[in-house]
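Right after this note come the structures.
Two complexes come next, and they have one chain in common, chain A, joined by chain B in the first and chain C in the second.
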Partner chain A sequence: MHSSRGASHAEAPPSTGTTIVACTYKGGVVLGADGRVSIGNYIMNRASNKIAPLAEYIFLCRSGSAPDTQVISDNVKHYLDQISAESGEEPSVEMAANLVKLINYNNKDHLVGAMLIAGWDRHGGGQVYGAPIGGTLVKEKWAIDGSGSTYIWGYCDNEYRDDMTREEAEKWVAEAIALAMTRDSSSGGSIRLITLDGTGAHHKYIRGDEVQQFVGDLPFPAAPPASLPLQGGAAGSMVVG
Partner chain B sequence: MSGIGTGYDLSSTTYSPDGKIFQTEYAQKAVDNSSTVVGLRCKDGVVLACEKLVLSKLLVEGSNRRIHNIDRHVGVAVAGLAPDGRMVANRAWDEAASYKRVYGEPIPGHVLCERVGSYVHMFNLYWSLRPYGAALLLAAYDKNGPALYAVDPSGTSLRYFGTAVGKARQAAKNEIEKLKLNELSAREAVIEAVKILYKVRDEDGKKFELDVSWVCDESGKVHQRVPDELLAEAERQAKAALEDSDMDD
Partner chain C sequence: MLPRPTSHSKALGPGVAGPELAVATSAVLDRPPQPGAHLPLSGAAPCAVDPSSLNDPRQHTKYPYVTGTSVLAVKYKDGVLLGCDTLGAYGSTKRYKSTQRLYRVNDKCVVAAGGEISDFQHISNLLDELTTDDYRIDDGIQLTPQQVYSYLCRVMYNRRNKMDPLWNSLVVGGVQPDGSQFLGMVGMIGTHYTDSHVTTGFANQLARPLFRERQRDDMSEEEALNLLYDAMRVCYYRDKVSINKFQVAKVTTAGGVSISEPFALDMRWDYKMFSNPTKWAVGAW
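And then the complex of A and B:
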């Protein structure tokens, strides 16, 4: 699946095709992602983990080119490790976000990575930053990205509230991803959630069969009415191709 | 001519038998002979105050700055060889600017002071370089609050509640110890710093000026020169205090 933003790359590697969501709530942040990695019609991994740890309380949601975002994640984790060792303090979410932005911007000719950085730090509490392709960095109350995000802007705009509780925020994130998975063929499989509130990183895994469904199968047809013939005859029956 | 470190003081890569590096000690002398600089870390900020001897009537008032801005939230006051101090201050500026560019937030005071300390220390390691003959008092106000640091020519960097370098440092430090710094506002600390400079300086009749800066809540956590009216008031109080003590004598 090539996201529309990457279409200008003639030889872009297949992207993960993803739905990623992050939002702040009263006390922290919730991050979520689907689990599907597809190359064309082949689902290479139906339960992948698209949320990468950058520091104890800072995580990165990855969408776009899988290898590009993995390399960015590894580099930023390394730089954050180094600066924590030098300063003796936990890195801030803003520092992680800025590093992602610098790599995206300084290598914009080569990289196709649309990421969300979300985390919790002592001074700023829960924060969410969007780092789309090209090297923009925007601090936001909530952010979504990936191919599936196009289908849920309306839901997110309409349903987001300031100062939600942890339960409300987790429900909002999970529902947004489930809706995107319904309509985006490149998103699906399972949902992973991570909640960060200063007491720890709380992981939640929603198996594929547990994901909220919005468009169920049509009910199995009951026995047809007696007036219709069971088998197709010559003149009076419809031929359904 | 024979002197204290004869034979062991020609190079910064030579130890003396009693474990000293004389070149570093001599660099420290350049700082010790300079005019006094005082730093105070109070309740809500940091104050830096320098005594500047005016060497010539031809100098424009306010020239020969001893205090430099390193970033919005950090400033340094220099004692010792002025050009050396300027080099180190420029390095501090570089470090602060590149930290901001890479990490997106202002450099924490303790990170900057260690980087400056490492830089100054490097000049004590190599035969081809001489140690910097300057000490820096660093005033920073970051997300952890206000802090005062001092970096000396050996590269040692330490955090202080209050300290002084230069000619009258011992007398100044004695005065600083009398203050209850945790209870002083920055405004009050400015007045105390100026009073100390007036009290401990050599009364040789030579003309002098003051460079006084602060970074505190009142300045919006920005490092800047103190307002003219505050400096004028501080000098007025300092002169009055001197006259009082003169009358007591």
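And then the complex of A and C:
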């Protein structure tokens, strides 16, 4: 029996429930995303890749409607391809971000895509842009979006520092996503990180059973329990430690 | 709004603030109690304002707030096993990660619930009242799982008829006095059935095929546990409102009821395709 009275699987569009995070650090940017795609309460994909390449050093984190963001990503990638072929230069992060915004804004009534554009270019270094639903574009030092982001504003506000090192920035992003995943049902699975610093795009994949766990969670064991771990005194108490 | 003692009248049903018997005695007939806002006559929950004194006679179906997800249960050689996770979700938020959704009625019967946790706590109270009566009567007879199941059917169906359901899917499991296993499900509108394996919620879709293929009434405990673990793993992989923290209740003729400590299961995340899904299909996710 279902707890939600909302859309059943048949009616609900596929959505990247999601937590996406991006931040600048001294030398580049780090992007991160969880891996869960759900239709209603059903997890359609538990290890999806929500970070799409727009250019060699520009990536897009996708949240909101899965097909909408896919189509936007494909279109912007194509435009950037064309532009850099004509100009002979690498596309700038600002240009990529503005293209995403144009599509979001001009199709405001139809699209439900909340995205983060982050990348590295020679002129501006590492940059992060937020492109929420509706067509706003905001350049920021760090940005989060997706349903899971609501749970981590406090963490991000409190823990972000200007001029973090690459390790510190990656840890900040991974921990933020893990914290969101532990409370948001629409986020979960594996964590993907991409770091861009001018020397290349460095990918990191954190398996679902290697993600940081918190109080109230149990660590992932290597094998199921050999025998049922029995309670002492099996009276009907509601809360167990 | 004063708390009124609610009786467990077998004539009137649980939670009724009325006389113990449906037939009034002369003392009551001489001075029939008048309803007032603070002293409702019937259908009263303690400390509840009498709904008829508010100017809204309509009843509304409630919405669930804190909910539990699937329950899985199988019969096996020695008895029954019931399993569920320990999450109390608040919509999409994984809010309470240590809620026990298994309730021990007596040493022959366990009730598990998905759906609204507060309604399950209310049902647990009703069952506790019945068990306490059994204890006080002290005749060596206790409620059988079949009786608990029948009782819960009536409770759920009655609430459904009042358009005020208890928002739960209940599983009743245990062993009957003759040693046979019992397993039944009662839904929030009173739908009920008994079977060798029973599931609620997402497990209907995910676990049932596994049970159909592998469950047998004479399976060993080890086989039954492994089947339950495999089914619980699938529920964790594919139900977004679930966590990797489970409890299993075991009811056997010899051993009575034991409910396990919460434990986690190993999960497979080592598929190569997971680490780079876009490698062979650019743009895919």
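Throughout what follows, the second predicted complex is superposed on the first by the 202 of 241 C-alpha atoms of A that agree within 3 Å, B and C clash if a C-alpha of one lies under 4 Å from a C-alpha of the other, contacts with A are read in each partner's own complex, and residues count from 1 in each chain.
FYI, contacts are C-beta pairs under 8 Å (C-beta built on N, C-alpha and C of every residue); 3 or more make two chains touch, one makes a residue touch a chain.
A quick note: this is a predicted structure, and the numbers were derived from the prediction, not measured.
Participant: For A:97, select first, second, both or neither according to whether it touches chain B, chain C, the two together, or no partner.
Facilitator: A:97 sits against chain B, while chain C stays out of touch.
Participant: Which partner does A:219 contact after superposing on A: first (chain B), second (chain C), both, neither?
Facilitator: After superposing on A, A:219 lies in contact with chain C but is clear of chain B.
Participant: Touch test for A:154: chain B only (first), chain C only (second), both, or neither?
Facilitator: After superposition on chain A, A:154 lies in contact with neither partner.
Participant: In the overlaid three-chain picture, which partner chain does A:66 touch, first (chain B) or second (chain C), both, or neither?
Facilitator: A:66 contacts chain C only, not chain B.
Participant: First (chain B), second (chain C), both or neither: which does A:47 touch?
Facilitator: A:47: touches chain C, not chain B.
Participant: So, A:89: does it touch chain B (first), chain C (second), both, or neither?
Facilitator: Once the two structures are laid over each other on A, A:89 reaches chain B alone.
Participant: Which one hits more chain A residues, chain B or chain C?
Facilitator: C
Participant: Both chain B and chain C touch chain A; at which residues?
Facilitator: none
Participant: State the interface residues of chain A toward chain B in the complex, per the touch definition above.
Facilitator: These residues of chain A touch chain B: 79, 83, 86-89, 92, 94-95, 97-99, 101-102, 123, 137.
Participant: Quick one: which bits of chain B touch chain A in the complex? Just the residue numbers, please.
Facilitator: Result: residues 101-105, 108, 110-111, 114, 143 of chain B touch chain A.
Participant: Which residues of chain A touch chain C in their complex?
Facilitator: Residues 1-5, 17, 35-38, 41-43, 45-50, 52, 62, 66, 70, 73-74, 147, 151, 182-186, 188, 190, 205, 207-210, 216-225, 228-231, 234-241.
Participant: Sort out for me which residues of chain C touch chain A in the complex.
Facilitator: Residues of chain C touching chain A: 63-64, 67-69, 86, 89, 91-95, 97-100, 102-105, 114-116, 121, 124, 128, 168-169, 187-188, 200-202, 225-226, 229, 237-245, 247-248, 250, 257-267, 269-271, 273-278, 283-285.
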